[in-house]
Every structure is written in C-alpha cells, then in structure tokens.
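Two complexes come next, and they have one chain in common, subunit A, joined by subunit B in the first and subunit C in the second.
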Partner chain A sequence: MKRKILLQLVVPLLSLCVLFLLLAFDPGQAHADEAPLEVSILHRESDSTLWSAARQGMEQAAADMGVELRFLAPSVSNQAEEQENLLSREVAGGTDAIVLVPSDQSLLAESVAAASTQTVVITMETEMADSGAAAFVGVDNAALGEALGQAVLNGVYVDGTVLLLNSVPGSNGISARLEAAAQVLEGAGRTVRIGSPSKALGLSEALPSILAADPPDAIIAFEADALELAAAAIQGMNPRPLLYGMGATDTIAAHLEQGIITAIAAQNEFAAGYLAVDAAVRAVRREAGQDTAPLAYTLVRKETMYHPDHQKLLFPVTR
Partner chain B sequence: MKQRFPLSYLLLPVLLLALLLPAGCGRDARIQTVRVGVALYQQEDTFISTVAQNLELLAREEELARTIKMNLTLADGRGSQSTQNDQVDRFLAQGCDIICVNIVDRTAAAVIIDKAQAADVPVIFFNREPVMEDLARWEHAYYVGSKAEQAGRLQGGIVKNAWQADAAALDQNGDGVLQYVMLEGEPGHQDALLRTEYSIQTLTQAGIPVEKLANDTANWQRGQASLRMSQWLEEFHGQIDVVFANNDDMALGAIDACLSAGMDTASLPFIVGVDATPPALAAVAEGTLKGTVQNDAAGQAEKILDLIGAFIDGTPVEDAVELEDGKYAWLPYTTVTADNLDAFL
Partner chain C sequence: MSFFRSLLQRWNRLYRRSSIQMILSASFTAVAVVGMVFLGLTLFFRFSSTTNTQMAENSQRVLAQVNLNLDNYLRSMMRVSDTAYYRVIKDLDLEQDDLSRDLELLYESNRDSLVSIAVFSSDGRLIASTPLAGLKNSVSPQWEPWFLTAMEKIENLHFSTPHVQNLFADPDYRYRWVVSLSRQVELTRSGSIEGGVLLVDMSFGGIEQICKDVNLSASGGYLYLIDGDGEIIYHPRQQLIYAGLQSENNLTAAGYRDGSHQESFQGRNRQVTVKTVGYTGWKLVGVVPMDNMWDNYGQLLLFFLFVVLFSIFLLVFVNLRLSEWITAPVKRLDQAVKELEAGQQEVDLDVGGPHEVEHLSHSIRSMVSTMRHLMDDIIEQEEQKRRSELDVLQSQINPHFLYNTLDSVVWMTENGRTQDAVVMLTSLARFFRISLSRGNSIISIADELDHARHYLTIQKMRYKNKFSAVITADPCVETLYTLKLIVQPILENAIYHGMAYADGDGEIQIRAFREGGDVFIEVSDNGPGMPEELVARLLDTGAPSVSGAKGSGIGFRNVHRRIQLAFGASYGLTILSEPDAGTTVRIHLPALDEEAARHYRKEGEQ
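The block that comes next holds the complex of A and B.
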C-alpha cells in the first residue's frame, strides 16, 4: 500500500520536473531565438539604382538592428500581379515583416490584407493602413503634389500648358501627387495634359512623341524614374520646357546642375529607407514608435542645390 | 491476484508528449536558410551594382528551384579596405555560410581568407582579382572574373577597325595620327593597367600611328571623368580623335563633358568604354558611345551561384564550375558596337 502511494506521488513529481527542465531549456527554442529577424523588401521598381539611397538606409538599419533583409525586385516595374505573387511567396516563406512599395493599392488591397494577418506589412510611398498595413513611411503625397504645382505657376503663364507624367498608372502615392498638382494648376488657369505609358509603349518610348506632338511649357514628373526619362527627352529640345519633379538620384542632381531640371522636391531617401526597416522591426517586436510622421521634403533649385542642408538630400551617402 | 498497471501513470507522459510535440514539429518545418554575405568594393559603381542585382535575381530563382531560402546581405565597402574587413567580420559573426568579396585592395585578401578559413566559410572573390599567392592560402578560396588584357585588346580592336575602315572620320585634325586621351581607373589597379596597356598595344601592333595627348585617373567614376575631359577639351580643342576609358562610367563622363561643351553627337570624339552597362548600351544606341566591351555581369553572378550551389549540395566545385588551377572561373569579354547592339539589349 505504502509503495503504491509512493509511486503515485513520485512518478508524477518526477514527470513534472522533467517537463519543467525541457520547457526552460528547450534547444529548439534557443536556436529559433538566435536566428535574426527577417524583413523582405518588395519594391515596385525593378531597377534598384533608382532607389539606391533608400536601399542603403535600409541596409544601415539592418546592420544596426541585426536584421536580415531580402530584396525582391520585380522583373518588370509597376506590375501589381507580380507584387502579389512575391507577397504570397514571402508570407509562405515565414518572413517576419515586409516593407512594400506598392504599384497599385487597389489591386493589392486584398493581398496586403491577407498578408497582414500573418506578418507585419509596412508600406512606403503609398499608405495602405485600410488594408491592414502596420505603418506608412513617406511624404504627404497630396501636399507634395500641391507644392510642385505651386512651383510651376511661377514659370508658366495663364493658359500655358503643363504636362503631368502619369508614370505609375493605378492608385498609388504617385497618382495622389499628380491629382493634387493638377488641381492647383487647373485652379490657377493652366491647361493640364496627362502623359501616360501605353500597353504597347513604356514611358521612355512614348515620351518623345508626346513632346513632339504638342510641346508643353512645363513638365512635372512625380518620381525619380520619370524625372530622369523626362530630362533625357528634353535635352535636345529648343525651346526646352521647364522641368520639375520628385527624386534625388545622381543623374537628377547632374541635370539640376546643368539647368535641364528647373526644380526638384527632394526627401532624405536614406532616412526613409532606414525608418521603414526600423518601423518593421518595432512592429515585429511590438515596440512603440512604429508610426512615423510624414517625411519632410524640400524644393531645391540649381541655385540652392549646394546649400549644406540640400546637399544632404541630394548626396546622402558620402564617400 | 495480478495488479493492473494504473492508467493514471500514463497520463503525465502522454501530457508531456502532447505539449512538446507541436513545438518540435514547428521548428522542423522551417525552410533551410542559406546565408550569403556579399561585400562590394563600392556599391555606386554601375557594373558592380549590376552584378549585385543579378546575384539577387538568381538567388530568388535558386530558392524556387531548391525550396530553400537564400538571404543575401550586401555591404558597401565605400572604397575602404578596413571598412570591408569589418563587414566580413560581421558576416562571419552572423553565421554566413558563404561570403562573396569584391575586394577593395587586391593585395589585402590574405586577412579575409585567413578569417574565412578559421570560420570554415568558403570565400568567393569576384571582379577584382586578389594576388595569386593569397588565393593559394586556402583550398576554399575562389575567384570569378574576366581577364583584363582581353578587355584592352577588344577595346583597342573597336578603334582599330574604325580607323582602318575610315580614318578620316576619326582624324579631327587630318594629320594622319590617332591622337587620344586615356581615362584610367584607380591608380595601380590591375584591370586599369592592363586595359590601358593592351588597348594601345592593339593599335600599335596594327601599325596605326598614335599620339597620347593626356592620361589621368578618374577612379572609375563618371563625375571625375567629366571633370578631366572638360579640362582636356579646353587644352586640346579639336585635337582629340579618340577617348579611351577603362570603364563605361568614365566613358559616359567624357560624353557628359562633350555635350556640356556644346558638341552634338556628330562632332564628338570616338569614345569607347568597357563593361556594357545598361546606360552605356543606351549611349551606344544614341551614337554618343562608339563601342564598349561587355563584362558579363550576369555571367559572373551565375558562376558565383553555381559555386554556392556546390557548397550547399556538398559536391566538388569542379563539377559545378570549370576552374583553372582549381581556383579561377574565367568569363570572356565581348565587343559591343552599334552593329551587334541588339543582342545585348
């Protein structure tokens, strides 16, 4: 009898001790804890040289925070379908967070909503909080569009024509900038034309004929790729339209210095990239501070491009 | 009477099993992750960034083919060997399975190879060739790249063919002598020295009279090349027949300077580069760049991935990649002019 009672007490107690030890020192859990956080970067732009400063900011953040980055560029720029596939693939692969620069928020809404239930999604350039994205890192797109529109008013008389480049068709931060600029210009009596790529021709192929058919007095490009293309397209024109836009690559800085570009709206791309990865890591770790205020931007002209503060925007990475 | 084994004794072991089993299954189901550290000498170098982009594209394809994850961590050495050494230390501390190094100082590879050997992590150098003695220090140190003298010969060949076809079209001052300026890569760099030497040797061996007006380093950079060229245009107005540039970035800088000086495409000197980067191919299409020599960025990335694949599979690297002396995976250069441009677009 005593033996029976002893066994009924000892066996359960021993089992509890073993259970405690295994849960406290589980080798599998220890290994998982050592693996760094993984953040996937899904840009809409296939050519990463156009966002190299932002990428360097992301890489710096990754180095500072001990995070691994996976850069997934689409084979063709601005294709929502390919971004959808990449989103699904990264979620299935178990990535801890995704930083997404969406090509079209309407087409990607469902995918982002589904991804947000399984991982952290941060967006840049286009806000998608309604689809479950945890945070947005970028400028106030409407305000930026208005500022570019206002800048053009100085250089184009009433009834003059301004060509707005719709380089990323669809619903996104770029189109928000375009709509805001169009409102300012039309409200001030300027004629607005929209130049878009077609299914047959990309913007680089379509632009020369758009310009030749009806040369505008000014052009606004709302992102770096379109601004570079526009600068190349108008170099040989006489008279040359005024060119305004958003972006701060080396090529854009060179064109600004040469006077081919009249003014640009520049943001600190390096900081944008850094903050995006920072927001992703904070969201994964459930830390405060995921939300960032809209990033600042500045209008820079040739005459002011070597101001120290503007140099930091145009040349964020020193060598 | 025989005592029946109390079922309650089984309860706790079963409970233990039920609690632990799901946790174990979750970790066993994680996809294998291969970590590759990629140290670049300078990320803003157009050719190097093209190689890096190709590496990332191919890594994604490899992931799908092998059902693994391949995480590439890129680090920009910004032209500093000590910065790059720190980056390699970080890769090894983070547990990278393989490191790929585009070395800043080709005479300083021994330090990196020794660290990699100590960590038993294979190291693949690419595009900037370490000295042979350093590469020989360890069996798992490799090099992927192209032979610089071939680039020089092919570049010289573009100019030779054009001169022999119609010398008058190139000879700005009509004196029957090919006057040239040379934009060089960083001082002492093996590729810069060999491309410079063999491009001119190709002309002299063909019996073409040449005269060097000027040469200077522009450190592979477009901006620096533009400044050099601007100075030369002022100094040698109308005399420069040919501009040799050790790479496309510098050739494009020379074009920038000429266009800023008010030249049109027809009045530009005959400008040639090396690498066949996307902007250079666009310039060939526009007619501002007369030719370039393709440095196969995609091919280099492919060979690097093939070596990585051999390490993942545990198979001999010689079965995956053709190696010279068990170390060198060479890729050929290819001439690119307006005649065959379509094949490269």
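The block that comes next holds the complex of A and C.
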C-alpha cells in the first residue's frame, strides 16, 4: 500500500513541484539576464572621426546583442608596438573578444596568435586567419586594389605616372591593395611610384615634397586618412593630379563633390562595424555564421554620388 | 479496416482484462481530461483572439497618437512655409528688400526642426537662403525633384522623400539627411510678379523625436514611417536597412489600407497596423511580431501546461481513490463469491455499498442459503431413501420363514407333536420379538445370537435334526451391538444350500469374536461349498441373481448392503468357500458399545 501511494502520489507530485520551480525561477530569463559580453575594439587610427560610421555600426550591434564595447586607439596611428601592448592588456583584462584593425600583420602575428588562444580575435581591413583570428570582416583587398587600378587606367595615359600612397607601412590590407593596384597599372604600361612616410616625417609632412619632386598624373590612396591628406595636398596644385582612393568620410565626399577626388571606392563602414561585432559575438557563443563574406565596395564618382543608393552608402543616417 | 478491427479486438481484450476500478478510473480521467483540454483550448483560443484584437486596437491607438503628433509637426512645418511665404516673401519686393534677414529670423525660431530655408527663382537661381548662403557650384536646383514637383503642381505643398541636403557649400563638410517641403511662390520684383520656389528642409530629428521610443508591444513591436511609394522616411533600424543588413516589408506595406493586417515576412508572422498621415500621404506602419508575442506567452503556456498536468495528476489520483471506494463493495462481493466457490462455509456476504450492490449481495446470500437448504434436503432425502431401502431389505426376511414355520407347526399339531409345536412356536415368538426389538435397528450381539439360536431351533425341527449347530461368542462380544437380523439370512443360506441334503451330519458353527475395533461373526457349515465364480457373484450387486434350488443369494446381498449402508464400505460380508469343503461367511462389523449404538440408532431414526 505504501509503495502504491508513493507511486501514485509522491512521485508525480514531486515531478510537478520540480516543473513548477522551473517555471517560477524561469531559467530562460536567467539566461537572458547573464552578464553582457565585453568586446574590445582596437583600431590602428588614432583619429576616431575617420571610422565614426564603423563605430556606429559597432554600437548598433552592441545594442542589439547585449555587448559592452571598449574602444581603444593608439596614441599615434599605425603603431604596431602600441597595438601589441593594447592587445596584451585587453587579453590580460579578460575581455571576451577583440576586434582588431591591425597596422602590421607581420609584427602583430605572434600577439594575435597568443591572444587567440585566450579570447576571440576578429580582424578588420587585414586578414589574419593564419595567426588564429576567428574571422575577418572587410573587403577583398586585392580586388579593391585592382578596381582602383582599373579606374585610374581611364584617366592616365600609357607611360603616365601613378603615385601609390603606402600610408600604412608594413604588411597589411592596405599594402595588399597597393600591390594589386600596382600590378594592374604596371601591366597596363603605367609607371608606378610608391610614396611612403618616412620615420621622421609623417605622410602629411612628406606628401608635399613627394608631389613636388615628381608630380604624378594620378594618385591612389588606399585608406581614408591618406585620401583626405592627398586631397588636401593637391588642392593648390596646377595641374592637379587625378586622385583616387578608398574611404567615405564627409571630407572625402566634399572633395569628391568639389572634383578634387576623381573617384572613390567605398564600402559600407556601418555594415563593416556591425558585422565585426556580430562575428565576435557569434564566435564567443560558438554559433554558426562567424565567417563573413568579403564586403562589397562601390566605385563612386562625383556624378553618381547623390544616387539614392550612394547617398545611403556615403552618408549614414546619423541623426 | 483490418487495422481498426485489430484495434477493436485489442481494446476488447484490454477491457476484459481490466478491473472495474481501472475502467472507472480511466473513464473518469479520460472524460475529465478531454473536457479540460477542450475547455482549455477554447479559453486559450478565445484568449488568443482577444489578445490579437487588443493588440491591434492598441497599435491603432498608438498609431493614432503618433499620427496626431506627426500631423501637428508637419503642420507646424507647413506653417513655417506659410509664414515664410505670406509674411515674408509676399510682403517684400526683391528689388528693394532682402529676404535673408526675415528668413533667418524664421529659421532661428524653428532651428531645432529645420536644416535650411531657401527661395529660388523659377530658373533655379538662389534668391535667399539661411543658415548657409552659398550654393555649391555643382548643383542645379531647377533639376532637383522637389523643385520640379513644386513648379508642376503650384497649388500644393510637397514633401519629398528623404535625401541628403546637397545644395549649400558647408565649410564643415556636413551632409545631412532632410525631408524637403517645397512650394511654388510668387515673387515680387520691381512691382511685377514672377514665379519661384520656396524650400524648407526639415531635419530628421523632429520626425525621429515623434516616432522613436514608441512602445507598440512588449514583444518587440516597432513603428516606421514611409511615403506613399513605400520609401522609408523613418525606421528605428534605418541604417541597418540602408547597409543591407536588414530588410523591411515597406513596399508591401505601402499598398495596405489603414487598419490591421496579418502578414508573413521572412518566415515570421507579424501583425501590421497602418495609419495614413493626412496631407502628406505618408503612412505610419506599426509592426508587432506574432512569434515574439508567443515567445512572451511561452511562460503563460508553460504555466497552463503545468496547471493541466497538475489537474490531470489530481484527477488520476482522485479518480483512483474514488473508483476504489465505489468498487470496494463489488470487490468484497467478488472475494466472498470466490471463497464460496472454494467451499468455505462461513462467508461474510454483508459487503455494504450502494443499493444495487447491497441488493446483489443480499440476493447471493439468499441464493446460497436456498442452495444450502436444498442440499440439506437432498441429503435428508438420500438418508431417508437409505433408511427406506434398509427397511425394505430388512422386511424381505420375514415372510418366507414365517410361512414355512407356521406350516411346520400345523403339521406337528396335526401329528400330535404338541410339545414340539410349543417349542417351535415359543422359538418363533422369541424370534419375532427380537426381530421387532421395539423398532430398533441396532441390537446387542447377545440378542442377535439369541435370535439366530431360535431360528436354528425352528429350522432343526423342520429339518428333523439333519444338522447340528453350535453358537459361541467371546464374553466381551455379547455386550457389544450390531445391526439386527444379519446372522439369520446367512444361516438361512447355510441351511438351504448346505444342510438341506445332509444326513444328520451337517454342522453349523457360529462364532463371534472381537479383533481390536472390529467384531467378526463367522457362520461356517460343512455343506457342499461353492465354486469360486459363484462366491464372486453372491456379493456383486450388479450381477444377476444366483439361480439355485432354493434362494438366489438375495439374503447375502441384503445383509452385505445393509451393513455397508449402516457402517460404510469397509464393513460387510466375506465368503470363504471351496466346493466339498464347506462355506464360511464372515460378518465384519464395527465394535459398537452402548454409546456408539445409541448414536447409530439416533442417526437411523432421523
């Protein structure tokens, strides 16, 4: 009789109590209330205005996914050593993921490899999968370089000189773009000259002398900062070289509209920032879809910059 | 079809194997659960329907409020345009007056909502603008959509789709998204009227302030604003849509009438509520994802499930107990019947319970009682039958002997042998007195031997002393008791078959002795004896009567049967006989003392 009562009453009652407790304490809600992920954003640029659209995308992703972002930038742009230190510090601080825009993949390889063993590293602009980075968010750098090279071919005669600005020395996505563009231009009979900042002089200081020494027929800048500097540098030149480049800041748009910049290749910076944080979160949570296809880029000229799609690309709705 | 037949058979087998309690319990539970589930689903669907309706009504209410605010905002922008036109442009002559100062004042008083105010001539020349004064070299206002629309429909105010303001040279290189409000205006120059276009660029900020933070539902609802063609003016995730990371069903929504609609977008069901913003033709679209709503109701569903499970558990338990209580009398009755079947005499059939079971148990009790009475009657009848048979067997003795003896007395009297006749009659009288024994069937062995002795006296006289007889008995045996008249038939057979042909040398010996609990009376003669087959047939009740010169063995069988009827099959006669070696008949009886004899006597009398 006791066993019968146990089976009939006690066991089901206990089961129901467990179910009720599960409902009462709401494990699903407990999961939702867990501590937010911490993601560190480590850019190579010290001037954050150059990547404000990407930052807005990151912040939007952080809001959507419950992530806390910590934005970090070196005191001087493109300093691999400082980036290395910041990277080590963030890893030691126990961050859940790091979105890195590396200034030099060779110099940072070891640090990224070490960091990848302890946290998730996502790279932007420069792919570092070989060093253990979980994902890469950015355009196909070689294809972008080729596209810019092809764009220049229309404006520069054979044997004309094209100055390629190697604004971020070292091995990185910028150099990959440059190499691809140089290959296209040289293959098409144009003379390619590489302009790099020296250790003593930054690009802004070095550029006037580079331009004055041998004025090129066209210039290609492969990132926004260099493009803005080049646009400022050629404003007073006569004849003014054609200027092509990568980037989509308001200053670049204004120079494009003024005709100082001939054409730009623009990626959706907002999307890049959003996708970088999204990939980081997916990697931390071990969800599928961490791998991101190369982002699209669009060649925009003065005539087409107010096309509705290009407006959305160049001018993020940042109310 | 065969499947259903098989199912039915399986169900029938299960039904037959199940107890009443289980069937009752399962039936109660099934009916209750079906009812509960039906009621639950009805309530649930009703709740769901009501929730949907309330959600739609809530969305419509919120949209109506937002629409009111947006309409007020747009009307305020239109008032700015009206003010610029009717209070500034119409009152001034361009040749003499400068519009810029008044426009600037107007701009300053509404600068939170405005990006710029500008007046253009009909050929697109800038006449006045604020806050920026210079046009970009590259722009041609006369080809801009807002300009063309204003010039085309001169009576109306026109709201453009959102676009980047690209007219004025901004030293800070700022590009801002605006919605342009344009209208055709009449400009006065040197007293003459000429056409122009007034442009008021509204910032997104004002629209965003109205539309953002609108809470349509707790399940992630949101609101967006589109123009008549479906182009997004405001969306809480506008930049994600522009970046191609998200999409919206805005083009379809542009075709919806005002009210609530259900749609499926990207595999998700949504409730979409549309409200057209008066003058502009814009549409406010409220979206409430139904999936999210159900996610939020997940807890409710789980709680509902818990309640159902708990109720089922209680039902099962209560029904088990209830059916146990209801079927307990039936089970007790069933157990009592099983005990009856097992032969138990004292069975409690008073099982209690409801009227029907009570009636059933009473009927069974009555039936059992009747059955027992009937059985007693049958036993009584059997006993009476046995007694009757015994009496019949006993009564078969007397007539033969009586006639023969009386014949002998008559013969002796006629021949003057009076003394012999007296002796014979005296023995006969004694013989019959013992035969009657006051109706007792059990008499003492002394009387039985005395009865045999008188019989022999009579027979010896009849047979002229052809034989002699000796009766001996152990002293203790004569005080014991026996069934009466069991020796005489044996003697009768011995005389008729053994002594009838003797020539004075016939001998009959009667010996009574005791062995343990048994008494034996042996009747031996030195007659011709019998073959083995005849001996076997003498006591076989199923065999035909033995034919002979006198008698047919009925006397043997009567005595044998009487003894077995009275004392059991282990008692009776044993015949030892060989041809020419005489015959010994052994009567086997229980040793009955007076007490035991009284018991048998009572039993016999019953």
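List of remarks:
Keep this in mind: the second predicted complex is superposed on the first by the 285 of 319 C-alpha atoms of A that agree within 3 Å, B and C clash if a C-alpha of one lies under 4 Å from a C-alpha of the other, contacts with A are read in each partner's own complex, and residues count from 1 in each chain.
Following the convention adopted for this analysis, contacts are C-beta pairs under 8 Å (C-beta built on N, C-alpha and C of every residue); 3 or more make two chains touch, one makes a residue touch a chain.
As the structure is a prediction and not an experimental result, all values here were calculated from the model.
By the document's definition of touching, of the two partners only subunit C reaches A:K302; subunit B does not. Of the two partner chains, subunit C is the only one touched by A:A271; subunit B is not. Looking at the shared chain after the overlay, A:P239 reaches neither subunit B nor subunit C.
Once the two complexes are laid over each other on the shared chain, residue contacts for A:Q56 go to subunit B and to subunit C alike. Shared-chain residue A:L16: touches subunit B and subunit C both.
In the superposition on chain A, A:K312 contacts subunit C only, with no contact to subunit B.
Look at A:L69: by the touch rule set out above, it reaches subunit B but stays clear of subunit C. After overlaying the two complexes on the shared chain, residue contacts for A:A254 are found with subunit B and with subunit C alike.
Residues 8, 12, 16, 19, 23, 26, 28, 56, 250, 254, 258, 317, 319 of subunit A contact both subunit B in one complex and subunit C in the other. Put simply, subunit B touches subunit A in their complex at residues 6, 8-9, 12-13, 15-16, 19-20, 23-24, 27, 30-31, 33, 35, 42-44, 46, 49, 53, 56-57, 60, 69, 71-76, 78-79, 90, 94, 222-223, 256, 259-260.
On the subunit A side of its complex with subunit B, the touching residues are 7-8, 11-12, 15-16, 18-19, 22-23, 26, 28-29, 31-32, 35-36, 38, 48-49, 52, 56, 59, 62-63, 66, 68-73, 75, 93-94, 235, 250, 254, 258, 317, 319. Of all residues in subunit A, only 8-9, 12-13, 16, 19-20, 23, 26, 28, 56-57, 60, 250-251, 253-254, 257-259, 268, 270-271, 274-275, 302, 306, 308, 311-319 touch subunit C in the complex they form.
For subunit C in complex with subunit A, the residues that touch the partner chain are 136, 138, 163-164, 166, 170, 173-175, 177, 203-205, 208, 237-240, 242-245, 298-299, 302-303, 306, 309-310, 313, 316-317, 320.
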